[in-house]
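Two complexes follow with chain A in common, the first pairing it with chain B and the second with chain C.
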Partner chain A sequence: MKVDGNWFNERTVKPIPKLLENKEEREVLRKIKKQKIYLLALLLPFILFVIGFEIGPLVAMIKNSFYADNGIQVTIDQYITIFKSKFYLQAIQNSLVISLFSAVTSVIIAVIAAYSITKFSQKIQNRLLMIANMTSNFEGIPLSFSFIILLGNNGLFTLLFSKIGGDVFADFNLYSWTGLILVYIYFQIPLAIMLIYPSYQGIKKQWKEASSLLGGSTLSFWLHIGIPVLLPSIVGTFSILFANSMGAYATAYALVGSNYNLLSLQIASLVASDVALKPQLGSAMGVLLAATMIGAMWFNERMMRRIRRDLR
Partner chain B sequence: MNYVTIDQVTKGYENQVVLNDISLTLKKGEFATLLGQSGCGKSTLLRSIAGLEGVDVGRILIDGKDITNLSPRQREVGMVFQSYALFPNMSVFDNIAYGLKMKKVKNIKSKVKNMIDMVDLIGKEESYPHQLSGGQQQRVALARALVMEPKVLLLDEPLSALDAKIRKSLQKELKRIQKELDITTIFVTHDQEEAMTMSDRIFVMNKGKVVQSGSPSEIYTSPVNTFVAKFIGNYNVCNMEVFHKLVRSTELKGNEVAIRPEVLQLVSAGEDSLDLQENWGIKGVIKDVSMTGNVLRYEVETDESAFLVDYLHHRGEMFEQGARVHILVPKKECIIL
Partner chain C sequence: MKSSLTFHKVIVGLLVIYLLIPLVGTFLFSIAGKWDHTILPESYTMDWYIELFQDERFYDAFRRTLFLIVMSVGLSVVIMLPTIFIITVYFSKWEGLLQAAAMLPYGIPPIVGAVGLIKVYSDGPIQIAGTPWILIGAYFITILPFMYQGIRSSLRTINAVQLVDAAELLGATKFQSFRTVVFPNIISGILVSTLLSVALLFSEFAFANLLVGGRFETIQIYLADKLNSSGHLTSAIVITYYSMILLLTGIVLKLTFRNEKNPVVSNKKRILSFFKKQHCNKNTAIEGEK
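After this line comes the complex of A and B, so read on.
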């Protein structure tokens, strides 16, 4: 027992005061501490920015959504209004459908396009990525007007093709559901390519070679190895595209104005219109919008873990 | 009867010949090694046998069947890569079962179990590659290739990425499994020591050609040219004219003479009991002494050139740097190139 006691004293109690007695070591520790404080200080503007412009509005939005129209009474009436109104439910449904449709289509196209980009020389790959990068930033009002100029009722291509005779755009109406989806997909694809392309670099040539030596065809390689390896990035991209189009406002507004019933357009008219200003109701719809995005991300993550069991 | 035949295979990229008219044959169950420096064409030859690269001219036959133009999956060869190339999204069991599933074989479970047993990975069936050590991953890769019962097993520097100790133990195990299954194996390495310990037969390659083939001891004791002598055993290679001057005798004829460092002996310059019947004596000064654990390596400078002399590291006896010595060169150990 005595031995144990000594051991305890020497090993755990003595070295610590010794360490602090040592001047040099104390100096080093102080320097490290100082450095940490400097680093935190540099981070401070960013933290303030996030609090002021992201967390602050979010909290305000959630808080607002639980107030009545007069802004005094605390209530869940706003949510009840939404779920009782066919009009608002339709807005949510429309937004969900267009987001799902454009995200799924864009991901499928991007998976194929990004793969074919990897087959070019490095120089051409860089150029194609540059184009994708530029076009992925091309959205909102300018994009809508570009489409109107090219494919609108009096658009360049519409008129050109009707003059030539082969009127391929006769049944096409840019200001409709199809037109809206076309424009959404257009701005989603480059972004999806940018996001998926890097993950192809993670697919090793040896995996394909090993698979073929073991009797696998190209299809079985992609089915059993390629796609599952790409899956996290596909799922991540899908989530971003979904959120991107759920929240898209300017593109839709410039193209269809208030003719089409979308969640983002409704929120805008509730918080910024001059006819029926109802910021509390708008907040509640904003909360629902955020909830659907989080729900979609959660669902994606769950699905992915189910298939990629190695990532658990 | 030859089991594997490489018949006058030639292959080039753009304006560079990678494989230059290579012919070689292997017997069933043989463990053959393609040995050479990087860029000598050994990996390309292996990949051509696997069908991962085509050849421009020549034929490749396995078990009497011409496989030159078959796709990799029709060739019935197994391959293990340096980087393991395990499928990261599959467990150990699924990695090994992959090929069997592709072939729609019956009794997959028991076959995989047997293989896991053979490579000593019991208990790791459900682990994923990223949870395994390098050595374990390579065992899985080996099992994945062997479970298909390939006619030929191809190993592309499979141990190069592992640390020395695991490497040694895997060398032994690989050899054991190879003997147990009696599987014809072609092993690629740039490490002459590894080639020596593992192989029944070594093919030394240089610049796209097989420069010498034979058993490890044949290759080690009688290299056919300077390249093999230097690459395989750190031979002292000396120009014949220089050698004549050094030993003051013109008894040997030829272009160059090669002498292994471990057959040379050092005697202090003062000693006069030199056996000059069986040996030649060369005067020199110890320029450097280095130690690789059990071997002491002296670099001895003579009037004309430097010699390496290897000694087993005995306690006490050691020549100091700067000591004047005689190098005793046994006459029968001189190899003329």
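After this line comes the complex of A and C, so read on.
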């Protein structure tokens, strides 16, 4: 009887709640599904914007770079044109050289300056970082203008030095390679300092003490401990600065206009100028510029990985 | 030891001089009357500022820039806030995708972005090249990385996922838990990235020049146009513009600084650490049952 009762209970009582549960579960599931659809619908504007203004244009640019000037034939002529033309190759070379040079110089200055900054009291350090932050916002058109009124043809310093009779600035021309370098370095330094300064916080005083207790000199400390610790952030900063100046447009536009052959200025005049629009060629050069920047990032990551492996 | 400190003083001194000379020079130039062969101006005047503030073109350009900024930053907040919230809380498997889409503009300079935008919008179904609308879209993408990082990290610091779980357990709807629990807690974080975006767009020139140019004169285009005319007047523009940028970044710095030391925040953190503990307990209980 006892067994039967159990059997009865199991057969008759349990299935009913199970059925109910299923029904409720289904209801809940349906509700969740409905809610999920609403939530997905809320994502739609974002997806539209990303496709319309980020992914779409990028794909269009890459696609457009494989068309002939008439926009109908599919070809790689545009790339061949670039690599056969002395003029465009020079633009790429100029951009690369200026970016490399300004990035290397700024990183070196920033490494030294950031170290010097750490030597002051916390209050002064904060103030110095604030100046760096402040000046890092001074870029583009206003910055170029500022250099023009100081060092341009009729600039204050130019006139002043010529009156004093200094021939040092006689050869100096702001609207040239040297001028560009000077301005690029100016906007890179504050950024580099802000990027490198935090990594000095990672070098503990105790490490220096331990190193000197073990008989190491200041030089050997920096050679074997300090610089290896800083290296990832130095390399990372370098590639950010490099990419930053490869893509810089406003500063160069304001300073040299079309008088100097730079990749970004060439692209601009090919896709959005009043004369001789060649959007396909511009697209191809845009692809090359993007590729260089991705290359810089890739290089950065590889270097970081190598450095970290060495550390381990 | 003392001599080495002198060395550092010289380095930092040189650096500060190098960084400040262009700014100070521009400022002095903007208030200088006659200045061509002396170290400091011979006479000072406010004429350039008076002239600037009577220039209708300046106001118009300023208004246009403001319009673009309000539209694109506003759109960004309205769109990105729910997007990031929904993905973090309900569709966390797509977080990588969202991050990739949001951080990509960081690696693409405007000059490259503009090439594609011109191509897409100069013909085809939507022809908005040369109008401010294309700029709003481009700016939405430009500030995407900043907005994403700001909102994402504020959501992370308040442990949004657990907060929403708790709110929904207590019977709140999804919208209620977002509006009354999550949103009030992340306002200050959003404010910082919003102000940063405003400052960034204020100094945006490449997109404005390439996509629209003189047809919709923004403050930067106006500035670029004035480069070759009166230096004094342009200095006044630069200084006015730069003071606004400084004001914005100053507020940002203040806000970030205050947030770190705010006792209210630390209270909030305490509550959250309690939540965290609860969460851990739940996990260990489940593991124990197994």
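Odds and ends about this structure:
In the analysis below, the second predicted complex is superposed on the first by the 244 of 312 C-alpha atoms of A that agree within 3 Å, B and C clash if a C-alpha of one lies under 4 Å from a C-alpha of the other, contacts with A are read in each partner's own complex, and residues count from 1 in each chain.
Operating definition for what follows: contacts are C-beta pairs under 8 Å (C-beta built on N, C-alpha and C of every residue); 3 or more make two chains touch, one makes a residue touch a chain.
Note that the structure is predicted; figures quoted are calculated from it, not measured.
Clash-free side-by-side placement of chain B and chain C is the outcome of superposition onto chain A.
Shared-chain residue A:Phe53: touches chain C; no touch with chain B.
Once chain A of one complex is fitted onto chain A of the other, the partner contacts of A:Asn133 are limited to chain C, with no touch recorded for chain B. By the touch criterion defined above, A:Ile37 lies against neither chain B nor chain C after alignment on the C-alpha atoms of chain A.
Legend: residue contacts after superposition of the two complexes on their common chain; A:Leu89 is shown touching neither chain B nor chain C.
Of the two partner chains placed around the shared chain by superposition, neither chain B nor chain C is touched by A:Val97. Comparing chain B with chain C, more residues of chain A are touched by C.
Superposition on the common chain A brings chain B within a closest Cα-Cα distance of 13 Å of chain C.
On chain A, the patch touched by chain B and the patch touched by chain C do not overlap at any residue.
Those residues of chain A that touch chain B in the shared complex are 204, 206-207, 209-217, 220, 224-225, 228-229, 308-310.
Residue ranges on chain B touching chain A, taken from their complex, read 50-52, 71-73, 75, 77-79, 81, 83, 85, 87-91, 98-99, 102-103, 128-130, 144-145, 148. Residue ranges on chain A touching chain C, taken from their complex, read 35-36, 39, 42-43, 45-46, 49-50, 52-61, 64, 109, 112-113, 115-117, 119-120, 128, 130-135, 137-150, 156, 159-160, 163, 186, 189-190, 243, 246-250, 253-254, 264, 267-268, 271-272, 279, 282-283, 286, 289-290, 293-294, 297. The residues of chain C lying in touch with chain A in their complex are 4-5, 7-9, 11-12, 15-16, 18-23, 25-26, 29, 35-39, 79-80, 82-83, 86-87, 90-91, 101, 104-105, 107-120, 137-138, 140-141, 144, 174, 199, 203, 205-206, 209-211, 213, 220, 223-224, 227, 231, 234-235, 238, 241-242, 245-246, 249, 253.
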